[in-house]
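My structure is below; once you've seen it, I'll send some questions.
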Amino acid sequence: MINKNQIDDILSSYDKSKIEITTICSHSALQIFHGARREGFKTIGICTQDRKQMYDSFPLAKPDEYLILGKFSDILEKKYQNFLIESNAIVVPHGSFVEYVGPENLEEKFLVPMFGNRKTLKWEGERKKQREWLQKAGLKLPKQYRTVNEAEGKVFVKFSGAKGGRGFFTTDSEEDLKKKLKKKISQGIISKADSLTLTIQEFIPGVRYYIHYFYSPFKNRVEILGMDKRIEPIDDSYRGLPDIPDEFLDYTVTGNQPVIVRESLLPEVLKMGTNTVKTSMDLFPPGMIGPFCLETIYHPERGFTVFEISARIVAGTNLYPEGSPYSSYIFEEPMSTGRRIAREINLGIENGKLEKVIF
Amino acid sequence: MINKNQIDDILSSYDKSKIEITTICSHSALQIFHGARREGFKTIGICTQDRKQMYDSFPLAKPDEYLILGKFSDILEKKYQNFLIESNAIVVPHGSFVEYVGPENLEEKFLVPMFGNRKTLKWEGERKKQREWLQKAGLKLPKQYRTVNEAEGKVFVKFSGAKGGRGFFTTDSEEDLKKKLKKKISQGIISKADSLTLTIQEFIPGVRYYIHYFYSPFKNRVEILGMDKRIEPIDDSYRGLPDIPDEFLDYTVTGNQPVIVRESLLPEVLKMGTNTVKTSMDLFPPGMIGPFCLETIYHPERGFTVFEISARIVAGTNLYPEGSPYSSYIFEEPMSTGRRIAREINLGIENGKLEKVIF
Amino acid sequence: MINKNQIDDILSSYDKSKIEITTICSHSALQIFHGARREGFKTIGICTQDRKQMYDSFPLAKPDEYLILGKFSDILEKKYQNFLIESNAIVVPHGSFVEYVGPENLEEKFLVPMFGNRKTLKWEGERKKQREWLQKAGLKLPKQYRTVNEAEGKVFVKFSGAKGGRGFFTTDSEEDLKKKLKKKISQGIISKADSLTLTIQEFIPGVRYYIHYFYSPFKNRVEILGMDKRIEPIDDSYRGLPDIPDEFLDYTVTGNQPVIVRESLLPEVLKMGTNTVKTSMDLFPPGMIGPFCLETIYHPERGFTVFEISARIVAGTNLYPEGSPYSSYIFEEPMSTGRRIAREINLGIENGKLEKVIF
């Protein structure tokens, strides 16, 4: 694994007055570039030809410069890494960045300085490690079962390999599980490899809140920057009642809508975020840095159940390029998560401790 | 009951150049403090120790000063009331304020000047009085039944005691009603006392719109400041189909999402608000003052049915610390309901008639 | 049909320094007036007496002047048309404008210059022409059937005459279709005339995204200005489970909520908009001008299906008087669709080519 010293060496060669922000043109790149621009940074978009036109159509969010690749994973090639390093570029990793480049590659082969703590990738990406992290943070997680029979009633079936909820389903018997698994593989919705990563979880009733946090080492505080609810085909499934077409039973994330939570729940929300950060400092020092998201289901009788953590910027923050109902209470200026990242980088430059938030 | 003269006497002792805004740290306090600050007021947060950290995490919305109590109802103690009065404090009451301190206590024992008309509490809090108010205002209300049999088909069962929709349910027979009631009491979801406040209402099909109004005595107008939809566990219940777990059938409010209504319905929306205010002037002069919310279900064939009024700031306004799609059409500045309250207090100070909006 | 020369003649008589913006007081008029005002235009509201009070209650969005009519279609009278023309007025047509005045009347009798291309009305209004347009643009449309039997499973039944989804329903047999049709006619929900415009469409599973575009001839670009989801009674239907009252099965649009879509879908979103505009230039030159909306259902396995186009400002844009999560990436200022229209008119005035965007 690339170690921190290697990245620090590269970062020390950077002209701190000419730092540029870069990421892959997908996921939350518009917001990241837009926020970086507002904080005074130049930006580089790692892009493919077919996507460039869309980014160009948003003049205030398009990157100042494009690095056009055949495919995103080409960014691992030495010459492209060198180009970014010579541009004094800091990568802001997002979900698609990790997905396209591969978490192992980011850990082993990608030497461009990244915002945040690279060690987080492993703790987010490996299901067991993630569970250990959240459990040690004292969060309530869904129960996990080895078989459907172990559970009472309905369970939720997930895959590590599947992206964005694709192929997930509910079931209440082993027989039905096998049938659905077979069907989804034959339809190409999940792969055989995916099916081996199967997890059987408790089905949690309640309302989903995806909570956007930001941990700032320079301000030494956890900020609640916003919330959203993800929109999946199953969220329009009632329109197909009484005989819901199978295609509605799909958990792939397609977009987001804005929500807020009862103010009396915010102390708990803040505590969950703070504990997540504190625990990460023990597990993989210096721990979680920058944006992360706890993906929760809230029920009045059960409280918050956290079914996943995204240990980087989430796409739900795209709702708030001008700030959210929560960021208004922290910042005078419109503060997106993308801008917040750039702001933290600026703080690091100003106080000469940029390496604290870069790995 | 405390009378207006008593409050006027206390208010007349206030240094009008040093008015502070105060409320209990819950419900919509962040918004209230944030809005007060923007209008130039100092703020006092009536808080418990366990909540303070959360308020501190929002630097632009935390109160300038805290009054930390063992429990919120301690605010009734003479020494704390005196502290607030000596601070020239005006209380902005919200749903949790009324709930924690108790409506009778606010009427009988709490001498700190409050924004709005204290008489409103009784007309909002007593179900019969509330119904009388809304009916006289010409609003369409859900039918009420003495028994399930009296209704045709499904009915909605509510309790006065239950907070925020907790324990509410639908039923279509007396037998089922009794069974559900018994179960909810045994689960501790409602108390026996709650069960005695049971109301059987018509089940209304349609879309819920929670409409945020503000009546300004100084501007002599009813303003539409925003709208929201409340999010309850039942709102994610379709994700549990076909056999929805019982826990989904829960009407407790957990948060809010922003909505707007067809423009062609706004004349009716405005008329409902205006009539509500006019009627209140007859029933309990000088009537409703400041923010209130009509909780409606709209159906194309039925129009708006109003199933409840909240005669003070509602938590749905927390969606709009920077203003809503409606407040933009009234104010040049970002205008939350919290700020709007502070603005009205400022108007009262400026024209020397603060007592008009305080009781 | 009125031809472009007639309108150009009238427009050439206009004092370009005193252009006023006008529309019928409904649909998105608040936003249109508010946006026009921000771009420096005076506004005229074509209104009925019963609606005036509501518009007056929004001081920053009410028109500078009212033209009060007995009924909206009176605007066709010569004297009123002359009044508008003498006021140097440009009409911004919206859905209710077209509905109240009648598309044929706008084509044959209404000589006041309108923003956009008047020829669009026919291509939007006639179902066959609309389908031709969208198909030629390469968009994926729902399949259409002559009978329910032709389809497999559930179909969606729509009417041209019905406004805003009123009377639409789903069915899975000819028998059920006939029964429902009969019932809806007897209930007065649709007319016999409506029933003759019946279309039987494929029932599409997935999530609805209503995408707000703007084509600017002066900037020569298609802008994505926002997105919404429409709220219909069926969207609260799950609250009536298990025996959903019939009244919930209603597709009339009652309001809107804000949404965003995955960033990785935006290249496709932009392409759909661009192709729609390009195709319109061939079909009815100079083609689509200004705001339009593609009404889509997205499903991970199917991509976007476009079930309708609105070739003018849609009411969902009312969510964004201060701009949307997308307009922030294009404009420094808060940019609503209403303001965007006024801005395009300003561009036309500035470069002396106003007639390019007026017909």
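Should a chain be cited, it is by its letter among A, B and C, assigned in written order, with residues numbered from 1 in that chain.
Operating definition for what follows: a residue touches a chain if its C-beta (ideal position, glycine included) is under 8 Å from a C-beta of that chain, and two chains touch if they have at least 3 such contacts.
Predicted model only: the values in this text are computed from it and were never measured.
Taken as a graph of touching chains, this assembly is fully connected, with contact between every pair of chains. Fitting chain A to chain C on Cα positions gives a rotation angle of 120°, stated in steps of 5.
Residues touching across the chain B-chain C interface largely differ between the two copies, under half of the numbers being common to both.
Centre-to-centre, using mean CA coordinates, chain B is 36 Å away from chain C. Residues of chain A in contact with two or more other chains: 235, 237-238, 257-258, 322. Residues of chain C that touch chain A in their complex: 153-154, 172, 203, 205-209, 221-224, 227, 229, 234-235, 237-238, 244, 257-267, 269-270, 298-302, 322-323, 325-326, 328-332.
Chain A meets chain C in the complex at residues 26-30, 34, 50-51, 53-54, 57-61, 96, 166, 189, 231-233, 235-241, 243, 245, 247-248, 250, 252-258, 315, 318-322.
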